[in-house]
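Same chain, two partners: chain A is paired with chain B first, then with chain C.
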Partner chain A sequence: MLHLIKIQNSDSVGRREFLTRCTKAGLSLTTACALAYWFYDPMAPSGRQKVDVLPGLPDYSVPEMGNRMAIVRGTDRAKTIRLALEAIGGLERYIRPRDRVLLKVNAAFASPPMLCATSHPDLVTEIARLCLKVGASSVIVADNPINDPASCFALSGIEKAAREAGAKVVLPRRDSFRYFTLEGGLLIREWPLLYAPLQSVDKVIGMAPLKDHHRSGASMTLKNWYGLLGGRRNIFHQDIHNIIKELSMLLKATFVVLDGTATMMRNGPTGGSLSDLKETGTMIVSTDPVAADAYGASLLERTLDELPFIKKAEAEGVGMSDYASLNPKILTTD
Partner chain B sequence: MPKKRTRTKGEALLGFLILAILVLIGVMVFLQQFQFNPAVTAHRILEGGMEQFSSDLPSTLVPLPDNFTGMTPLESFTPETLYEKINGQADFYLASGFLGLKSQRYVHTDNQDMWFEVFKYDMGTKENAFAVYSQQYREDGLPLQWAEFAYYAANALFFVHGQDYMEMRASSTSDDLVAAMHEVAKKYVASHQNPKL
Partner chain C sequence: MGIRTVRRITQGFFLLLFLWFCAASNLGEQWWQLRGWPINWFLQLDPLVGLGTLLSTHTLYSGLLWGLATVALTIILGRFFCGWLCPFGCIHQMVGVLGKRKIKIRDRIKLNRYRRSQGIKYWILVFLLSAAAGDLLTFVINTPTRRTTVFWFLVICALLFVGFKAAQKEDVQPRKAMIIVLGIALLWALLCRFADIQVLLPVTLQTGLLDPIPLLYRSVNLVILPPLDSAGFHLNPSERIYDGVWTVGLVFMTAILLNLFVPRFYCRFICPLGALFGVLDRFSIWRVQKKDMEACKDCRLCEQNCEGACQPSTQIRISECVLCLNCLDDCPHGLMGYGTRPSVTGEFLSPDVSRREFTVALIAGVISVPMIRLNGHIGPNWNPDLIRPPGALREEDFLTRCIKCGQCMRVCPTNVIQPAGLSSGIEGIWTPVLNFRVGTSGCQFNCIACGNVCPTAAIRPLSLDERLGVNDFSENGPIRIGTAFVDRNRCLPWAMDRPCIVCQENCPVSPKAITTQIQFSVIHKDNVLTAKGVDALEIQLLNGGFIPERYATGDYYLRMDGQNDESALQPIISNTEDTLAVSVSEKSVGVLSKDTAIDIVIRLQKPVVDPERCIGCGVCQHECPVKGKRAIRVSAENETRNRDHRLLL
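Let's turn to the complex of A and B:
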């Protein structure tokens, strides 16, 4: 009031002028508030790039071949895999001329081949060579080891094995990943997936060593797809059996290879000593990954109850844990 | 009737100048929001990984014998980043009080196939270090005398030193390589006589 009186008494501002100025000030304030409201973002930046979610992955299986399985005894990986592939009908029935093939190996660690923590280079060489022999136009080898992928592929011997067989190792890069949501999945939702190698091929062969795993009990062909996950995937270790189940639903491979030539019986998945290995002399090839893992469990001396992810994958229709129902061909190279 | 005061030329110029600066700031803020620096949201990754690039760290984790040299930089992992190195094995160490891992590979200067890797797990206490040592014990291991808890299994050495659990893994079972690894381990223990317990 005192202020108004002072203004009224001043010799520079009249009543009309005062009201005009008040109106202008009010309009300025309203405009500023409106602009601030327009720019206001109630959500903090997520820090994540634009999500372009994939609806699904292609089916790489060969349905007309049905469910087939071969179990071959022997210690020479090149011989056992050749015999196993013949036993499931011949590689040429799965890989057509000009097919582009992806070998999804386990290259999780920069570990020497003798420790069997990664896919064995002899096996990589032979499968890549056979694929090219039956007419594949290209064979690529991929995985997503988190720590220094180049070292993992080099020290595991996989890079050299692939190169010598005429295949090419594809190292994961930032732009190799796409966000993916598994339909019906609870865990794989808008999660980065190593997509670039999958996008450019017609057939996918999963190649897994047979290992103990501290968290899941075993690392075999179903767990092998974990290597397709990007991001801070360690969070899934808290629900390991369900993430393996969802991974099994994610991708239908052409067939899987479970290398039980030497099995890491304890201290997996890294191992570290030859003492962790047992010579189990078995190569398993199957179009049904659940059956392959169920048989692998017996080599690892585990029951199916100790490896719940196998039954969970079976419940989702991924395959059959009763591998005997596939009438597997059991052969020996020796 | 009071005489209306008119603004001077200087006041008008100053007013326009201030408005121009405000508009310029507004435009800059508007444009900058489209160039958000991802490093701001990557701070968690950097916190775990910076140490491996620090120049303050020693170049080697252990004293090296002749004919061996560093093959890779010294790497460092925290509880948040341990999985990047050992993946599914990380939970085993985390459950036993893991604080940090340092690792490095060393290679023979004349034979690139002869290399070994040292893993130094800081487990916080000697009891924690013994816990991970004993749970992973290989039954066929040969006990070693230069440390209280140490053994050799095929291609690898495993021992407890203070609050550290250490592994040395060789790329082969070559006698020369295994002998070099034994020498490294003994020298390391001798040069760290008062480890933290």
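Let's turn to the complex of A and C:
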């Protein structure tokens, strides 16, 4: 890009050349000044990290159904869940035709289903199948696991179970999270939340296996919402019962399923040995997660005093720890 | 007085001014030391600092507005900055004069001939600026999704342009050209529809690596002044040490010494600031010119001292001319001038850079940033040893502003701010990092010097209130740059039953962030002592073997057999090889008798850090008497500048 200016000697040409230069220089100067003026910033940055915070989460519950709870004895998850869903009024009363449904499973660890550290694939298949049967337009299965997400869903068998039932696993990605501040929360403030799956659905079903948890005492349906948090969420272990309380306030699910077919009695929440498990043969479905967890505590042989998060959630009006007051239907498949 | 003399005086003046500014950035009681002198003025005049940060942060911070003055004058006058003002240029020119000694005029002219490789500085400029231009590129690339109207307008313009060209020339096939235009538009739209360009194109400001003004500040601050401090000039009262600074020195020394081979080597081939001026001065109103062709004997004497190697004897390269104006004096016929008319032998206005070279430098610059970031050092792979000065922005923002000028390192009264090596990746080289092993203290509690000297607000200017978290800032708490961790395997009281707590004493936070747990440890565990006789308050022992007065430090106590009650401990006030004297106490006299088993215990205060109070200032680490690997060490945990690094709820 070479520009060769022709040799010019006459005065008029010189004058013209001078004017041309002045014009070009003037234009460049104006541009430079305009840019400097436009972007001039006398103040240093504040050092605060600005984040867009979500306005709030939708209510996924079905208020007209009231508080219902079913406790079904049996060892076959497909059978017990069917009976339990019938007992709370039938799935079709919760899932409307064309509803998009999220199954918030517990897929925290990359471990096989037999260890019951994650939601059982049989249960995932059955619930997804039933949802589609009553007319749900789509069922997605999501969690933000602790171990590598893709491995967790693959090894826990959840991915295969979902696929076979016609549901789809949504893995958490970098752009799946949005900052969220819980109204009335002290811990969940401007915290990344797994929002992408929540955003695209009408109903949310929380599915938790019943497990011992060394820090909080138990990992059940309330603790299950931990899987919606992103970021460095494990700093909340410094205040575990209050974070579970805040998680209980995070969203109103359509209903929760607490799988106590086999309970991880110790070494939770990972387990790792069949000897950690106890056949407790119980499936709990409840619109009230506090009641579900309160009942789960009895299967875990823990008192409510050992699990302060239950009372804390109750005090926030999330549900009733006195599950008997819900008149749960207690049934058996055998 | 000739123009050459005026120029030399000007250059000398600015060089001295520069050196004074460097020397002034010290605490001290002299009028010429820190007194609000504009010690950053040269950095602010440097428009590459302004332009670089403008690209990387979309702002022109405060004093960097001075750069506009330089730009304006360059647009009018040409590269005056290089020839008249730049202190680095002045040094090059002086050393170059040495290099030209005893070289024949003919060879000098040869030395000053234009070389094609002078284009390299433009590649460097383009490379550095494109690495800083990620956000601008994102803005442009996102046009189809964010500014759809503009996108369609551009597509239509391109189609019209192609159609127009096709109508003019027969060898352009209109259909093929249209398909190419639409294809590019489609690919463009798809790209920004499916890729997060912002994530794809991070930003880093690396102009400071080679920008002469930050380079010179850095070199003088870190390489030239510290030996002077030590050698008795005492610009700074204490000896200054800079870790890994030989790399800075190597660059500086190389740049200086190359002048002995080719005058102004750095300016001609490397300097990105000169390159920027070379781009800006294409419209300059006044230029160096040859005034008459016929009188010119083509002796080329005008080039014997030509600093810019801009070939004034023939078709002058305006972008290379540094306005040394030596040609005006050197032409024996007085044919060279500085005026508004073009040179009679013609001008090259634009830098000698091909489109291909430009594109390669641009692409290399753009691609290198995401490639460097694959390290993950901005994200999960962050380096906890990278402790930035108080007020430093979050790392990814910090790297869009820091120009590695070393002003913070010079002004830091304690010398704790050091040039980083690779601790923040290759892009963080020579940026400020705190090293608590070095210097006279940790990062002083009541000091805000670094942020207030930083020319680009990479370390933002804190008020003392904000740093300490008082008054208006009491809700935020103090600025934390890290957290101290006690290494209980190295700490004297924790690991070796020796009293110490120097760290606790020196903790400047109030109430202290280091508290102590009082514990008693038994000495002589395997060798139970038995009283042989008790004489008033002196206990004769069967099996002593002590070093006299070893236990007389006030930390040691005597404990009788079976008594774990702390109040029953008797302070030892002196000892010989086999006696222990305790202070007056009725109880001890009452209980002690012959054959009592005795323990000597030490009362230890063991340091414990309260992470809620600790600000990471590192005074504890600096003072820790375990001088090798310190027994209390700060890491960047819980630093205020990044909420993702928080440790506590």
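To be clear about the criterion, the second predicted complex is superposed on the first by the 283 of 334 C-alpha atoms of A that agree within 3 Å, B and C clash if a C-alpha of one lies under 4 Å from a C-alpha of the other, contacts with A are read in each partner's own complex, and residues count from 1 in each chain.
Rule of thumb we're sticking to: a contact is a pair of C-beta atoms (placed from the backbone, for glycine too) under 8 Å apart; a residue touches a chain by one contact, two chains touch by 3 or more.
A quick note: this is a predicted structure, and the numbers were derived from the prediction, not measured.
Of the two partner chains, chain B is the only one that A:146 touches; chain C does not reach it.
Once the two complexes are laid over each other on the shared chain, residue contacts for A:234 go to chain B alone; chain C is not touched.
By the touch criterion stated above, A:272 is placed in contact with chain B alone, chain C being left untouched. Of the two partner chains placed by superposition, chain B and chain C are both touched by A:14.
The intersection of chain A residues touching chain B with those touching chain C, taken from the two complexes, comprises 14, 17, 45-47. Residues 50, 54, 58-62, 65, 67-68, 71-72, 75-76, 196, 199, 280, 282-285, 293, 315, 340-342, 344-350, 352-355, 391, 393-394, 397, 457, 460-461, 640-644, 646-649 of chain C are the ones that touch chain A when the two sit in their complex. Touching chain A in their complex are the following residues of chain B: 1-5, 36, 38, 40-42, 72, 75, 83-92, 105, 115, 117, 136, 138-141, 153-156, 158, 167, 169, 171-173.
The touching residues of chain A, when paired with chain B in their complex, are 10-14, 17, 45-48, 108-112, 114-115, 146-148, 151, 155, 213-216, 219, 233-234, 237, 240, 266-270, 272-276.
Interface residues of chain A facing chain C in the complex, by the touch rule stated above, are 1-9, 14, 17-18, 21-22, 24-25, 27-29, 32-33, 35-36, 39-47, 49, 174-175, 187, 190, 231-232, 235-236, 238-239.
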